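Each structure below is given as structure tokens.
Each of the next two complexes has subunit A plus one more chain, namely subunit B in the first and subunit C in the second.
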Partner chain A sequence: MEIHSHPQATMAVKTGRYMLVLLLIITLNFLIPRLMPGDPLLNIIGEEAYYGAGGALETLREGLGLNQPFVLQYFSYLGGVFTGDWGYSYLYMKPVLTAVMGHLGWSLVLVLPAVILAAIAGAFTGSIAAWRRKTGTDTALTGSLLLAYSMPHYWLAMLALFVFAFMLGWFPLGRAVSGGLGGFAYFADVLWHMVLPLSVLTLSKAAYDHLIVRSSVVSIYGEDYILTAQSRGISGMAVLFKHGLRNALAPLVTVTAIQFGMLFSGALMVEVVFSWPGMGTLIYQAISARDYPLLQYAFFIITVCVLAANFLADLVYRWLDPRMR
Partner chain B sequence: MKLTGLFKRNPWLFTGIIMITFFMLAALFSPWLAPHDPWQYQQPFLEPSWQHLLGTNDVGQDIFSELLTAGRVSLGVGFTAALIAAVTGVAIGILAGFRRGILDEILMGATDVVLVIPILPLVVLVSVYLGPGLLNTSLLIGFTMWPPVARVIRSRVLNLRQAGFVESARALGAGDWWIMSRHVLPNVLPLVLAKFVLTLAGAMLIEASISFLGLGDPSAKSWGMMLHYVFTRGGFIREMWWWYLPPGMAIALVILALNLVNLGFEEKADPRLKRVLER
Partner chain C sequence: MKNILLKLLFVITVAVMMSSPFASCSPAGNGESDIVLRIGSTKPFKTTNKFADYWYGVLSNITTHDSLVKLDSEMNIVPWLASEWEISEDSRLFTFTIVEGAEWQDGEPLTAGDVAFSIEYYRDKDPQAGWMAEVIQSLSVEGNEVALHLEKPYGNLMTEFMTYSIIPRHIWQNVDEPLKYEGEERTIGSGPFRLVSWDEAAGKFIFEANEDYFRGKPNVDRLEVNTYANMDALVMALSRGDIDTWWDYSGEFPITHIPALKDAGVIDFATATFLGVPAALGFNLEQQPVSELAFRQAVSLAVNYRQIVDIIYAGYGIVPGGGFVPSTHPNYDESVAELEYDIEKARHLLDEMGIVDTNGDSLREGAGGRNLNLIMLTRADMTSLLRVAEMVAADLEAVGIGTTLKAVDSSTWVAAKDAMEYDLVFFRATPWGTLMHAGHGSGYFDSRRTGAGVLHNLDEPDYLESCDRRLETAPGAEQAELDRALQQMHAEYLPAIALVWLESVYPYREGWDNWVVDHIYGGVVNSFSWFELTRAS
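Coming up: the complex of A and B.
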């Protein structure tokens, strides 16, 4: 998913490209509600606000500048994007910016550890499977992780919820906090709520990391320097960890950087199943309430984050792989 | 060649193809295989029995018949979307790679832009505005998933345009369009097939996700939408495993089959790997 790289493209050119993409996404967010079928006013403020406004509709239209020429609308929209004037969420009864900010943190505490744990687990199992490829170990590891990777995350979440919360009762049925707790008890309570969603996320991300690492380690086994090392009598494990893993790490780093980009979107569906109060639940509720401003800016935040991570991945990749320099 | 030999040489590819064929046949013949009309209201919340193999749902529809019929929508939307993505991607990839120049810059620039936009959030956002509809969903998913195809095809075409047979066709006076359609296209088709399999898996997962979120077409139930109803209509709370296990399992097995096929392709395509395996 990394931005296409001509080897000769300098960093300045790349930065310019990313800025262009950013502007394009902002513009897309402006165009979508105005070009979609239906009254643009409805598409901008959402159903609740629209049908609840009664006679005040025209005042609202005036206030949002929808009677002005398209170009003027665009520039006042641009101003709003950068000053944090993102409109009002009728679902949460507060400005969109405040509503979104209140949910970002919860997604972050879930996705961040999941990505890191998954990368470590995937690097380990992936290289073991590559080293032992075409044996029972590889088939069992890769086969079961491929199955986990193929499951829809939210279904895996439902299974986990059913077994460990419903049947065994070890973990809560959802949400992130029980309420009424403070200090250390609060912290422990959040951790307790986190176990299931975090495990599901880690497993599904680790499964992907495993496949990436396995295939890149397998592919370097044919490289001459590995053959040389092997012919010099270096043991399999040593070759794997000294020469293999280091050179096969670049794809994993890229994948991990991309997963960091999905800090706010990586857990969308899993959050819905566990009613985890992050961006996923926010979007789910915004869909049900047709709260369009909320949806638009949720998309905006998610996309900007993905963009930033791609940029970062580009930098890291260059630094890791000398051939790219 | 004997089937066992084929299985031994590439067990993953073989298993994947058998699985996906099974699901496609089941979906194709669902009107004849389904014991009940999947839309007919009968007694709700029944447990599995010989009458209803997987029981009935909240409005009394036979879950087994629903499962078979839903396969058509899930696979149908997936195939349509993947086909759109593949055709668009191939067209753009070949044009950009073969013509080069400013056209290449523009097309690849556009590809890079679409490539970074996260698909699921975009499809969710636009679906909310467009309203439910199978065609909308297929088009939307198709037109967000072409960039990886275009990228891969382009780099293959860059190699191909220097190949001997292309040079000789050009020397014989063949035009660009002739070379692209008669020489370049047939040579990228195996690669397109591999990419198609992955795109199909991705498209089916996206469809399942947005249907699960309640943005699917209620008049055409898919596996994702079955899960939506399980989740919102109390099938989950009532511990009706015969309702929520089968649709998820169906999705997981189809995606698994596609991933197996892809893995099989990968092993087959990498000559370096082959060298190692043969030692």
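Coming up: the complex of A and C.
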């Protein structure tokens, strides 16, 4: 007997599954920082004071809610997820939400365009390389992008900093702005600071996207519908972009969804090289300082991004491939 | 699509053309003749609350705020907000006379009442000043004098007060939680500079000279502190001229970057013997066989110190002595011998202890006939220390001692160190760290001490007694004698060994003269340089 599931029922099941995964991951986000060795108070008041503080230490622990039973801390954290009361960062000495938002904005400014530009560039060069496979164009494109892909991000970033900022002096040696500017000058200044880190991130991600798309387009190259389109006299480029690429896009959608998920943490090394005040830096510092509230909510944001990106990918699949509907 | 790309290209081109001049021009002061000093740092500043941000707290101590006294480049305690002081014969009464004419940057006068308030505020609100509650019995103010009555004599009081800056009572008296205080006036001090702005995204502080400073206006009109997330970018900025010098509290400039700066041809260097110990090896005295003095002696003989100096520190250092701290320290004991590298002696000592290789695999066996495998704990985030640890591991293997290197992050290092989960531990003794407790590194070894990266591993009664006596002794001949005794006991008991004594290098751009080196506050960037520094004509 053939069972036909209703599309809305399928979406409901998927949504439920996503919610379950979300609950599981946010629980892990709570547990993992607390399983690491080291007491967060040590980083707040310094080791010298930590051992000499005596009763003051307990007062501080109480003030930060760290003396509460584990289960209470967990439910307080869960409550915070829904109410938006994310607590206080020991490291930044400001509300977690304020600390996170300050860095989240800079991450979005940098990584969002990088992922989009990389997907567009990778789709374009990957298709061209596949279409002209085993020609000089393919060799040049794939060879050079493979080289870029094989270079560690931070090394590529350091190279770009050295050549374009230090040697040629075209760009600043880091940070997101020069400071003391407003209006259009501020906007232009941000763009100027973005050029190098954005280029490095785009190049690294585009190189991977290129390889995915190339491989995908090559695999559909001999399909009947491609041959049919060609036999109808449609030009090569039209066949490639109208028929070939659309059907080969599914793997790129998956990769892009994963890259969106890594939006806030994956650019750490590039952030460090360019002194960019993004989420990667924030998370790294929070881990070093065992800043539980900051860590658990920073991880929460990443979790939401990963799940949202995957959910979005599911929807895009359905749009791209009628068989999925 | 093509149009969109062209528009995007246009916007980026315009942006680059519009904004490039902002970076390429020299940062201007308020006037053309202003002297602007641009400093680079890799410290992770987060807020301008000196109580909440350790690094800003240190920076504020040399810019916006003042302490009662300071340590000059000869390690002498010199007057600052306290114009003079008197210590009673029993070392239990310290009377400070507060300088005339000092005022807060909001125009209020700085009084002895502010000083007494500050000490009480630190005592009551700052967990790092917990020692004050134990030591200071009471405070009294009379005219421009503040008297501190101590529970017991405390020989390190003057050095301690070098690091606590005086804060304005009229601002802080109503602040119960200094860590969370966000009022704008929190940055007001009495120091030679006032904070103008802090731009977190730009990573930049701007300070301007305090025209009304009680010691006169500093020679620098405007101070900019630019932060970088990595040392490579900072060195490029220094070579390119974006910054004039480098600052790191208690830090040593990474030796690996010196050749690049020399090649730039526009960088000069100030040098001074580093007050701390950049790489040291500590022993777990509760763990066999490390707890045996002969074994520790064998380890100290097996280390090739010259090789560490030459390879890791590029020759910028010397082979250390057994007293742990270098000659920069007051009352340095020259009679304590330099540490010796002698593999044969090391082997002989191990043989005598019965720690021998019986199965011919070139590693010695310990208890139970198993190969010796010492746990070496180090920090992964300190690359020089990690390289040193790898070299020491090779040296120990050469005499038949097997090791396992555990490189961990700082929090894990502290947890493992305090749980004594190591045989050998690599650490770095900061300049301030070597001065704390009874001085000369004793704060790291006294078993009754805890915290601040200390090993608290030595409990020999004569050592503890010497520490106590040194703490209770005021500066003078008796204190000097005890200082030397502590160094001798470090060489005798070997709770740890220094692996190098560093010749610190402080780079700065050509065109600046008369820098003063401060061993505590980070090389050439310090309270003394502000009044000596000149722009070359």
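In the analysis below, the second predicted complex is superposed on the first by the 255 of 325 C-alpha atoms of A that agree within 3 Å, B and C clash if a C-alpha of one lies under 4 Å from a C-alpha of the other, contacts with A are read in each partner's own complex, and residues count from 1 in each chain.
Just so it is clear, a contact is a pair of C-beta atoms (placed from the backbone, for glycine too) under 8 Å apart; a residue touches a chain by one contact, two chains touch by 3 or more.
Bear in mind that the values here come from a model prediction, so they are computed numbers and not experimental data.
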{"item": "First, second, both or neither for A:Asp314, with subunit B first and subunit C second", "value": "neither"}
{"item": "Subunit B versus subunit C as contact partner of A:Val273, first or second or both or neither", "value": "both"}
{"item": "Contacts of A:Tyr292 with subunit B and subunit C, given as first, second, both or neither", "value": "first"}
{"item": "Partner chain in contact with A:Phe162 - subunit B first, subunit C second, else both or neither", "value": "both"}
{"item": "Which superposed partner A:Pro172 touches (first subunit B, second subunit C, both, neither)", "value": "second"}
{"item": "Subunit B versus subunit C as contact partner of A:Met36, first or second or both or neither", "value": "both"}
{"item": "First (subunit B), second (subunit C), both or neither touched by A:Asp209", "value": "neither"}
{"item": "Contacts on subunit A seen with subunit B and repeated with subunit C across the two complexes", "value": "36-38, 43, 158, 161-162, 166, 272-273, 287-288, 290"}
{"item": "Subunit A-touching residues of subunit B, taken from the complex the two chains share", "value": "108-109, 111-113, 115-118, 120-122, 124-126, 128-130, 148, 151, 201, 205, 208-209, 212-215, 224, 227, 231, 236, 239, 241, 244, 248, 251-253, 255-256, 259-260, 263, 266, 270, 272-273, 275-277"}
{"item": "Contacting residues of subunit C [partner subunit A, same complex]", "value": "11-12, 14-16, 18-20, 22-24, 44, 46-47, 49, 52-54, 126-131, 179-180, 182, 197, 199-204, 206, 226-230, 232-233, 236-237, 239-240, 242, 381, 409-412, 414-416, 436, 450-453"}
{"item": "Residue ranges of subunit A touching subunit C (in the complex, touch as defined)", "value": "36-39, 42-54, 56-57, 60, 88, 91-94, 102, 106, 158, 161-162, 165-166, 169-181, 184-185, 187-189, 191-192, 195, 271-277, 281, 285, 287-290"}
{"item": "Residues on subunit A engaged by subunit B in the complex (per definition of touch)", "value": "1, 3-4, 17, 20-21, 24-25, 28, 32-33, 36-38, 43, 134, 146-147, 149-152, 154-155, 158-159, 161-162, 166, 215, 218-219, 221-223, 262, 265, 268-269, 272-273, 283-284, 287-288, 290, 292, 295-296, 298-299, 302-303, 306-307, 310"}
